[in-house]
Amino acid sequence: MIRVLVVGYGYWGPNLVRNLVHCPTTQPVGICDRDPQRLAKARQIFPFIDTFTDLGAALASGVDAVLIATPASSHYPLAVRCLGAGKHVLIEKPLTRTSAEARDLIARADRAGRVLMVDHTFIHSPAVRRVKQMYDAGDLGEIYFIDSVRINLGLVQPDINVFWDLAPHDLSIIDHVLGRWPVQVAAFGKAHVNEREDVGLATFDYGDGLLAGVHVNWLSPVKLRQMVIGGSRRSLVLNDLDPVDKIRVYDKGVERQADPEDKHRLLIEYRLGDMWAPHLENEEPLQALVRHFAECIAERKTPVTDGRAGLRIVELLEATDRSLALSGTPVAPGRRGELGLRKVA
Amino acid sequence: MIRVLVVGYGYWGPNLVRNLVHCPTTQPVGICDRDPQRLAKARQIFPFIDTFTDLGAALASGVDAVLIATPASSHYPLAVRCLGAGKHVLIEKPLTRTSAEARDLIARADRAGRVLMVDHTFIHSPAVRRVKQMYDAGDLGEIYFIDSVRINLGLVQPDINVFWDLAPHDLSIIDHVLGRWPVQVAAFGKAHVNEREDVGLATFDYGDGLLAGVHVNWLSPVKLRQMVIGGSRRSLVLNDLDPVDKIRVYDKGVERQADPEDKHRLLIEYRLGDMWAPHLENEEPLQALVRHFAECIAERKTPVTDGRAGLRIVELLEATDRSLALSGTPVAPGRRGELGLRKVA
Amino acid sequence: MIRVLVVGYGYWGPNLVRNLVHCPTTQPVGICDRDPQRLAKARQIFPFIDTFTDLGAALASGVDAVLIATPASSHYPLAVRCLGAGKHVLIEKPLTRTSAEARDLIARADRAGRVLMVDHTFIHSPAVRRVKQMYDAGDLGEIYFIDSVRINLGLVQPDINVFWDLAPHDLSIIDHVLGRWPVQVAAFGKAHVNEREDVGLATFDYGDGLLAGVHVNWLSPVKLRQMVIGGSRRSLVLNDLDPVDKIRVYDKGVERQADPEDKHRLLIEYRLGDMWAPHLENEEPLQALVRHFAECIAERKTPVTDGRAGLRIVELLEATDRSLALSGTPVAPGRRGELGLRKVA
Amino acid sequence: MIRVLVVGYGYWGPNLVRNLVHCPTTQPVGICDRDPQRLAKARQIFPFIDTFTDLGAALASGVDAVLIATPASSHYPLAVRCLGAGKHVLIEKPLTRTSAEARDLIARADRAGRVLMVDHTFIHSPAVRRVKQMYDAGDLGEIYFIDSVRINLGLVQPDINVFWDLAPHDLSIIDHVLGRWPVQVAAFGKAHVNEREDVGLATFDYGDGLLAGVHVNWLSPVKLRQMVIGGSRRSLVLNDLDPVDKIRVYDKGVERQADPEDKHRLLIEYRLGDMWAPHLENEEPLQALVRHFAECIAERKTPVTDGRAGLRIVELLEATDRSLALSGTPVAPGRRGELGLRKVA
């Protein structure tokens, strides 16, 4: 049993605690928050878990690992303290506010021999796992385009804009499934509620014919969570809000062939096929994530969504910031090879 | 009865002829196409309409007006001949391949005193008419964002890219409903089937907090025709594929107010309200368009989608071309005032 | 080319004429209706088709076949005249108002050597054709239940109740796909608008574990056209209003097996599988129906939806009438073998 | 704080315990089940709650109230014991297996001055509460028809058929919202998996033009939870599976008026109007139910879903049994006035 402390009991914290309770390999033993009212609420639902307003006391209470679910700006200093105290750490997305902070956390975790993991929740969902299997097996073919819409009436965050809040989902799915790195990022945004962007449109050019559009938005009364992935062999729609058919695979598309009589001419053929929604396990992504965290600690494994995965997303978010500052002019993100993305041997 | 000649009997031509047949104020009297097989097909369904392979003969057969439904590159030369022969002209979108051609057609139509109209079909739909009423009445408030997705397995056009084929729908709806003009256009595209872009993402910055994203795509196996318009008072979704609820209005949103105790601080309030789908007339947009064309001819009125409306869209499409050539760098479209967009007095 | 006369130019007539125009093997040569205003409307759209207010004159004008699209009560007398004049006849559903009339028409057509066909439209749809293929191939297994809902704000018919208007669709699909005959029929209905039932619920017990429920309704503001067919191997949903996925096949279900240790005990296993929407041709059912009619005439074939198919449905509708008269008490329909349903050798 | 014991920790028990934990006025203090493995599972998630395999010990442990979530056959004997021990009792639907048992429980609770409540969950949902408000305010007008479909791949129950398992939901909603009592019940069912019906179709004739159809089914791979309520002024669809628009109100319908010129003739008018989805609170029905139970205990109030409400549903289910035994012949349920349904003064 991994003994876990949860730091931050706001919107997401209760979900984390509940999943730690249900996970057979973890035991939530502490909840830490600066707000005593939140802790009182926690005690009502989880009377068997200790609560703390002081992080030092919490870390000293005999915990193996810490889940950090606080505002993004505090991720780095809190994680530094937890790693310093010898704890394994799982941090909400985005991992940190800067790539420098992310690199520093990775180095600290490596030196301390502790697990550093980021909560890119959807990577652990049955749907994304299945999409990755299909892509790896070549079922989709070459990917032509991705269109991702993640909009709803969202909580306007105090310390980050809408890209940093929502785009980690889209970007981590693309990063995980395709393992591709964009050559160019262009981001456009507008702020209506406070000084940070609450509506954002970004385009990621991955080279080799792959273009990805991401629309994130806190002001939309309609909730959409939909990613269309178009491939040369098959295409699919990943719809997180569909209670049943979260993945729909379309076995149709456009094919081009050289004209047998005139090699310089292309023939275009439309392939019309079936639609197919694979059966998926009904597992809560957060439960799989918590179990994976415990397993990585117990078996000294590297998490699927490790610090480097977190760094990659932070690097792309910094690129959106630079493009925003240039009014949408495309910018190149740091090269993947230079990000220290290779595993430390 | 306006006697009408249809030039071009490919994909769209049969729909035009059928609507001319059903419209009480128009009479289709001729169909012109270079392909005799298409004309044979036309004669089977419409044995009472004359067919021509030669435009000169067709124009000489006693027609009042011409509908041009040929590939985009031929719109300008055909329209010049028709206006030169004293005919009123309705042209498929896009009006022309260049803004210079569009300006020239406008000038020729003005001089000849003939109606020049462009087939921005959706402007004539009951749904868009209702959206405009709502916007004009202030029901939506200030517009914050527009997200438009118009993707499906589309006919790959031989002479234009996917922006020129599909984006006129999105852009003409925004132009007509809001009457706004973008300060900046950024376009990204990829070509997979031939050398022209078949996947496109464009961002239009209208200033004053309004950002519009447009995704057009010929390679998507999923068909989507959806425009989300987010406003300060209400938001709506325009879904052309919903057989019943083409408009859904959401009476919820985010509101900001000054903190009464601290004037420099904003309070954010979430307004949660009902959804509402107004009843719409069940009229085919193309039927309304054809009737409007006949009415403008008969009553010497300026069409809602006149040559200037067509020019505005062509101007924006040219901006997408310039941005595409600059790999997505934002460009400014020509200023609206300089486009000759004011009506000739 | 089969020369066809259309009798009745009300709601459905224009659709029939349009499909006759588009069908390469039929030629609509006459339209007959008692209402001169309707005929004027017909002449505007189809100026090349003769119109008649007198059936005798119409039948004498050199036609091979007649389509009867008039109120149900007039089907029989009109068909008698047309068959008497040596014409092939296609009649809207329901074939007749009584099974006696249906038997008489069948006998007359047999004697005259003329084709008698009923417009059970959906039998000719790509979706129902595919469902029949699947059932015949054993893909569905044994059928356990059918639930059909066909409700909308419908035209309240003057001479028949809602069962006779809408249930022929459901019943003809079951009859065609399964070839089963119910042992018992129970029908419940209520009349709100006039004295005929406008809301109806009927249950058909086909024996051997198959139960079918049919809900037909003219007063529903929501339009539903959905048939769930549950089988031992697979189940499917036939949704006529889905623009894309008209058939959804579910590869999941409940299976029972004998307990290997205790033969008297059953083990129940849930099989969870994929969903699958087969690609269907995009053919209008009415076009397939018209072409089939012409083919049966030309090649002296028996239509899939022949007079006997029409009689079977009329027989079942009479059973609903008897049950309605008994306040829902179940009644047995006439036995299939006694209906003269076997083909005349 | 009401101290609560939960008896039965199978499928539904964990949901009850979780809601008792979250409810500020209840405290789950004991879980009782005959299966030690289930209790071990309970202790993992709720280590602060005592567990019992013996009901006597559990009842003696200082509890105020008991929630009974065991198979239906055991509801009555368990409730007798709990009421005998002076506890307030909340029982899963169906209240009991017979109306005699239900009457006896009501009498025992009345004599003991204890709260007897049945878990007709949906009565406590925001959606049904809103529907009742609308009906009571006259917004729907006179009700013409109800069509309820509640089908999915369900757990085949060991001791009751599908009507007793699922129809309490439909019947309790109709009972609560309309307060109407059927004059006639007809039920049809088939058993495929074991000897009890797993597919059921029932028709309830409420007199005065109101007909309700209920389809319940454990074998359907498609999950549907939909009730259409058609009224003279407005109609609505209650769709429990829609994550957002659980109620859709249709402001259209058919109206009949006397012909002003001929009083014996009716004119039918179709009213075409908007659709409207009211905003609903996002409250879990089970949470509202648990809070209501605690409030009734604390304030000595009669629950909305009291024993009499449970008896009414059991009475209707007995009528379905009688009709099933008569192969679907309609039967009359006991008269409402004779059911002891009036409150004991």
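General remarks:
Lettered A, B, C and D in written order, each chain numbered from 1.
Just so we're on the same page, contacts are C-beta pairs under 8 Å (C-beta built on N, C-alpha and C of every residue); 3 or more make two chains touch, one makes a residue touch a chain.
Just so it is clear, the structure is predicted and the values come from calculations on it, not from any experiment.
The chains that touch subunit A as well as subunit D are B, C. Using mean Cα coordinates as chain centres, the one most removed from subunit B is D.
Our note on geometry: subunit A versus subunit B, Cα centroid distance of 38 Å, whole angstroms.
Subunit D has its Cα centroid 52 Å from the Cα centroid of subunit B.
Multi-chain contact residues of subunit C (touching two or more other chains) are listed as 244, 252. Those residues of subunit C that touch subunit A in the complex are listed here as 244-245, 251-252, 272-279.
Residues 21-22, 24, 44-45, 47-48, 223, 241, 243-244 of subunit B touch subunit C in their complex. Across the complex, subunit C is touched by residues 144-145, 147, 149, 151, 153, 156, 184, 186, 188-194, 198-199, 201, 203, 205, 209-211, 213, 215, 217-222, 224, 228, 230, 232, 234-235, 237, 248, 250-254, 256, 266, 268, 270, 327-330 of subunit D.
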